[in-house]
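Heads up, the next two complexes both have subunit A, just with different partners, subunit B and then subunit C.
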Partner chain A sequence: MNVLDINDLSIDFPTSKGVVHAVSHFSLSVPKGRRVGFIGESGSGKTTTALAAMRMLAAPGFVAGGSIRLNGVGGTDLLGLSDEEMRRVRLRRISYIPQGAMNSLNPVMRVETQIWDGIVAHEGHVEPGELQRRSREVLAGVGLEPHVGQLYPHELSGGMKQRVCIAIGVCLQPDLIIADEPTSALDVITQRHVMQTLREVQDKIGAGLILIGHDMGLMAQSVDDLAVMRLGELVEFGDVRQILENPRHPYTRELISSVPLVGGDSFLDSTPRAPEVQTDTGAPPLLEFRNVSRRYGAVTALHPMSFRLDGAVPQIISIVGQSGSGKSTMGGLMLGFNTPSTGEVLFKGQDINALGGAAALTFRKEVQAVFQDPYACFNPFYRVNHALKFPFKRFGLARDEAHVTTAMEEACVAVGLDPSLVLNRYPHQLSGGQRQRLIVARALMLSPKLLIADEPVSMVDASLRATILKNIHDLKDKHGISILYITHDLATAYHVSDYVMVLYHGHVVEAGPPKEVIGHPQHAYTRLLIDSIPWPDMDRDWGSAADARADLEELDRISQRPETVYRGDVPGFHLAQA
Partner chain B sequence: MADHSTPNAAGAQTPDLTARQIRRMKRFDNPWRNPKLIWGAGLLLGIVAMGILGRIFWDPDLVFTGSGLTRQPPVGLENLRGQVGTWAHPLGTDGAGRDVLALLIIGAPNSLFVGVLASLIGMSIGIFLGFSAGFIRGRVDDVIRVLSDVMITIPPLLILVVFQAAYGDISLTMMAILIACFVWQSPTRLIRAQVLSMRESGYVQMARLSGASTMHIMFREMMPNLVPYLFGSFIANVTTSIVTAVGLEVLGLGPQRIPTLGRTIYEAINSGALIQNLYWWWGIPTILLALMFIGLLLINLGLDEVSNPRLRKL
Partner chain C sequence: MGRIPASYLMNRAITLVLTIVIAATLIWLIPRLSPVDPAEIMLGRMTAGAGTVEGSEQILATLQERFGLNDPLLVQYAKYMRNILFLDFGLSTASFPTPVSTLIANALPWTIGLMLISIVITFLIGNLLGALMVWEHTPRLWKVAIPAAMVFTSIPPILSGLLLMWIFSAQLQWFPLTGAYGLTVEPGWSWDFAGSVLHHGFLPALSIVVVTFGFWALGMRGLMITVQGEDYTTLAKAKGLRPRYILYRYMIRNAILPQITAFALKIGLLIAGQVLVERIFAYNGMGKLLYDAILDQDFPVIQGVSFVIILMTALAVFIVDLVYPLIDPRIRHEAA
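Presenting the complex of A and B:
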């Protein structure tokens, strides 16, 4: 028995440049108690479809054709209901768990009051005692203590807030739950816990679930059926195991293959060069941390640490950690955007915070960066070539105008962009992937000695991640640039790096070659991180919510006394933690 | 869309797009072709044009005392003494026989001039202090922030009344400078806030990585993106400045020998125009002021829509 039948649905957005078909001829059914995943890249129409089922499409979008039938209300077409009838359907029949729970809860209302709101809106007056009982019950269902109901949203962590949103979504036991990227802002460990909670609750009330996401691994661990969407069309639909193991559509294959796996085949087809025999030249190391720490008031973002990167042979050093582990602080320290509380950061033997004039300019030329957000890195006022042209001239690399143009074009070609298509555009006219590749091209043009890549692919669609990482990897292989790769993604760190440091609460907990650290982790935290990654593999199960809870408690325990596990050295890099 | 689509925003039904709607949507391709902006600019330019054309086609010397009979009504109206307006003074004359039309031709652009000049000076101070506070931070920021916060709490009219009462007659420029001392605070705060958030943005970081100087970052990277805010703030300041200037003039504290709209209203009130029902005497300058404010408001609303596309409606 199906909960929801979407039949030949088309959704159009009229714009001044013509009508955009956000969704075209989409048909799908959600059976009772079954979990259906919608996967696709940004702009594929997956959220738009779900919002249409809630009748919450943003203007000027409208349903151009088709029907959405909900069997809980006698199989009537939702699109024909009046506003008042639709209000009764929302939450009672279909509930929606939004993306970014942080912003979805009312900051000035207690959690339980927000749960009561939904109940009262649908059932009229309910006795306070009864409300209290029901909110406690539903909070317990998502694994939260009863006293959480008395708290305000700012007193909860991100994972708890997301679970409160789930509690609100299931408090009226709807027929269908739509969860729109419910874990996109959470780290992997919390993500596992929240997803398992959602799965358990949904099992208990027997509702259908539509899970919207872009992560093939998360889908493999969470849903029964998978719908692959691309440019508003359903390209493949079927059992998740069948799709993962035997994808029919080339796009599905592309999506699956773009997920890097620890231990799987590398997406980089470069042959690793044997490290050249190192002769100790006595030259100062490229980058050195001497007992560097960083405190913000009472919080220590980075505990004293020392390392030395020789840079004679280009290497990729990965710094891995969750949000708040201090990895971006390290990046800021290396770029001189942030000053250490103790110790000093040395570049070629000179303290980077004491450089002046010409020396500072040289330092800037030799240490470049790629940042996380490709949307913010271009000044919207200028064409994108400004970002490439300006530093090139500023560092005195340009001989004349023609030389600048040639250099820009060569750099674009090297990262696989067509210079005539991208260089003279404004940033908003380019996609995120194109912009991020332009930033890599910019680094390439300046040929620095060291590149700090701070989460360079976390905001780029999955299919492009491999390409951009390949571009970055080429910087090392073909252009001899040493790279510090800062990331939360263990799988990509496994493939690209020569040395990995796992950071937790400002401590290095495990460090060594990636095959050791990520392939065979020894520290409890590293193991937990790797276990929490949702693998796009049906036979590698995530475990139950109880496991996840036990792991979180384990994490609390180890955070008290972090210790470093050294897993071997690579030539040219030395780490020591005070 | 109101006349075509059903009330539900979910869009259950297809709104059929008429040619008019498509034309309205096309308008957003160029945000500067905003009707509010165009109408507002038109009104202000009209007042400037009146000042220029008036000097050519009318005699500006008629602003002097005794240019005609006193308290004449405009054409088509009659005053208490039963005199009928003549074409020699189409808008009548005031209590000293000055021609009201000439007063407006000279006075309206003067009022606008005071507002624009005061706002320009205030904005320049605001841009300088706002950028300094937001970009340099630390002590400089503390000093500028406290200073502007303190200045915001002082009512400008009070200080100006005391100042003008003590110094007597002043020039238009002097008045603009005095008013400027009270309109730099809000642009300072606005720009400081924008600079504070912008200095953490990706492109500013990129510019720092590119070895850009502080001046380059402030004026080449940040400033162009602030232009819509600066314009909006400028226009709002012109409004405030004109209100302050007219307020002073109506109290009789503005320039004594230069015709302005506020001064004309002051003289009308002072000569008993309200009791004698000579409503055109104070009414016509008031209408001009109202038009000026409506023009400024429309420009401000238009600029808001230009800089914030979400406010644009179909």
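Presenting the complex of A and C:
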């Protein structure tokens, strides 16, 4: 029996430039107890469809046609219900687990109160003791201790918050759960635990599940049926195994092939370079950490570490780890945004925190950065060419206006953008991928020696990730720039880097060439990271919720006594062994 | 709600004391940068009253001696700081020899009464209206009417005061024109007196409310728009909570937090802002006292009133800082 039947649904957004058809003629059914994935890139209409089922479309969007029938309320069309009737459907019949795990809970209310108010809104007065018992029961169902109920959201980790949201979503045993990218803000280890928890509780109450996402691997490991959406249309629907193994629509094939795999074919299609002979020029290393550590109050974000990047031969050094592992702290230290608590950061033999005026300017020119959020990197009041021009002139590289224009155009072409299409626009007129490539172009114009790329692709769509990483990789090959690539994504680190350092709680736990460290991990933590990656392969098991929990306990054990596994050196980079 | 950490308390208390000391110093310093000699002003006033004053040189010297104007500046400063500790601001030069503290003690209750009533009403009305401007279930009529009412915010309080006076006192004769209480009632703890005070305070309070509620409404509107876009508001709706419950417990409850800090800061500003309102309604509060003191160049009174304004602001901020951890659990966490 179907829980939900969406029939010929169309959703329009009237805008000043005409009507945008966010969803057109979408039909799909969710059977009881079955998990259906909605996959597609941003703007494909997957979240809009789900919000329509909740009748929570953001203004000015509206349903232009079709029906959404819910069998739990006698198969009536949800679109015809009154506001009050629809309110009663929410949570009791369809529950929604929103995307932003970090901000989904009211910061001034205790966790249990936020479970209780949902129960009371649908059942009227319930005895306090009964509420207490039920909130404990649902919290236990998602693996949280009873005392968590008395905490405030800021006292929970991201994974715990998302499990609280799941607990809220299942507390009234709905017929259908809609989970909108429930793990997008979580690292892989936590993601696996949260997804397994969600599957477990959904199985227990027998509800249907709609999982919205953009990660083919996560879908393969989590759902039964898959709906591929593109520009508001359902392009392919079917059993997930059949779609993965035999995709019919070209877009589906593109989505599957855009997932970078550890050990899979490289998306860089660059021929491996012949190992260059390292010549000792006697020049000071490009970047050096001497016993650098960083503490924030009582917390040590980075334990003392020393390494040397010669820079004579350009290298891509990856720093991988979960959120809170200290990888962004390292990036900040390299850029001089953070001062070390102990030790020194040296650039070409000079302490970057003690540079004079001219030297500081040279340092800023030679060390460039690409950050995570392409939306926050541009001043919204200027056209994007301003962001490219300004540093170029400021560092005295411009000969005349024509030179600036040529340099900008060359940089755009180098990252695969058509200069005539992007340069004269305002940031909000460009996509996230275009903006991120412009940031790379901006860095390139200054011909730096070193690029610090902190999660440069985590906020852009999967199909664009490969392109941007290729742009960054070209900086090394074609422009001789050394790169420090900071990421949580092991698969991309595997492909682009020459050397990988795995960070955990501010310690390097495993380091060496990526084929060794990621291809054949030896440290328990690295193995756990790699096991937690959801593979777009039905024959590769992601393990059960119990496995995920056991792994988390394993993590605790590791954090007691971190040790480093050294997996060999590459020429031009040297990590000091403790 | 749990305990406030001692370190947080200490931190705030030190800030409070420092603020008061710095403010007191500035109040002392600024008039001394002016070339006017208060003793000469007093003498000038006496001369104006009597035509000629015999032995004016001597009187001037005595006055200067009496006010301690001959002491070195540092000694004057030390004396001033010691006196301020006991809320002794010296003697008024205009109403010589009444102590400034007596003048303030007489005026303060009137102002606090008027001010607290009007600012609390303004705060409540302003924030509620601001929230309603954003809430999706607000009746359409209200959504039109509230922004229209913002027009009053652009009217200076003196004008709105005069307008209200003209309508309600002169034309309709519902409220008395001026004064803080009726001439026929004896000040004291009686119902008659309380009624008279409320009757007299209504228009001044209304003139303040009408022109200042927009400040809160617009601030609240901005905060509510942010809160409306928060994921927890989306989840609240997805939970099928009743719209009113979401409005109060999820939206206003979070949006109001920064407004509470602004409220504390406003308390001090309000005495200053009330100067003209009190003047128009001949309301014998701190505002009128300050106004008259400035006209008379009565330095001790100006100093005393300014100090009280700062003291009240600093205390209000201190109290809000103490209350804040109780209304926002995140602060307690950061402080710990």
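Basically, the second predicted complex is superposed on the first by the 576 of 578 C-alpha atoms of A that agree within 3 Å, B and C clash if a C-alpha of one lies under 4 Å from a C-alpha of the other, contacts with A are read in each partner's own complex, and residues count from 1 in each chain.
Criterion: contacts are C-beta pairs under 8 Å (C-beta built on N, C-alpha and C of every residue); 3 or more make two chains touch, one makes a residue touch a chain.
Keep in mind the model is a prediction, meaning the values are calculated, not measured.
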{"item": "Subunit C versus subunit B on the shared subunit A, clash or fit after superposition", "value": "clash"}
{"item": "First, second, both or neither for A:Met109, with subunit B first and subunit C second", "value": "second"}
{"item": "Touched partner set for A:Gly129, first subunit B, second subunit C, both or neither", "value": "neither"}
{"item": "Partner chain in contact with A:Gly297 - subunit B first, subunit C second, else both or neither", "value": "neither"}
{"item": "Contacts of A:Leu361 with subunit B and subunit C, given as first, second, both or neither", "value": "first"}
{"item": "Which superposed partner A:Tyr152 touches (first subunit B, second subunit C, both, neither)", "value": "second"}
{"item": "Partner chain in contact with A:Ala121 - subunit B first, subunit C second, else both or neither", "value": "second"}
{"item": "Residue contacts with subunit A in the superposition, subunit B compared against subunit C", "value": "B"}
{"item": "Which superposed partner A:Arg394 touches (first subunit B, second subunit C, both, neither)", "value": "first"}
{"item": "Touched partner set for A:Met56, first subunit B, second subunit C, both or neither", "value": "both"}
{"item": "First, second, both or neither for A:Gly74, with subunit B first and subunit C second", "value": "neither"}
{"item": "From 81-89, 153-161, 171-179 or 225-233, the subunit B stretch with C-alpha clashes against subunit C", "value": "153-161"}
{"item": "Overlap of the subunit B and subunit C footprints on subunit A, listed as residue numbers", "value": "54, 56"}
{"item": "Contacting residues of subunit B [partner subunit A, same complex]", "value": "1, 5, 7-15, 17, 22, 25-26, 28-29, 201-203, 205-212, 221, 224-225, 314"}
{"item": "Subunit C - residues contacting subunit A, complex", "value": "230-232, 234-243, 245, 249-250, 253-254, 257, 327-330, 333"}
{"item": "Residues on subunit A engaged by subunit B in the complex (per definition of touch)", "value": "14-16, 52, 54-57, 59-64, 79-83, 86, 335, 337, 360-361, 364-365, 368-369, 371, 373, 375-382, 387, 390-391, 394-395, 439"}
{"item": "Subunit C partner contacts - residues on subunit A that touch it in the complex", "value": "54, 56, 87-92, 95-96, 98-100, 102-109, 117-118, 121-122, 152, 154-155, 165, 168"}
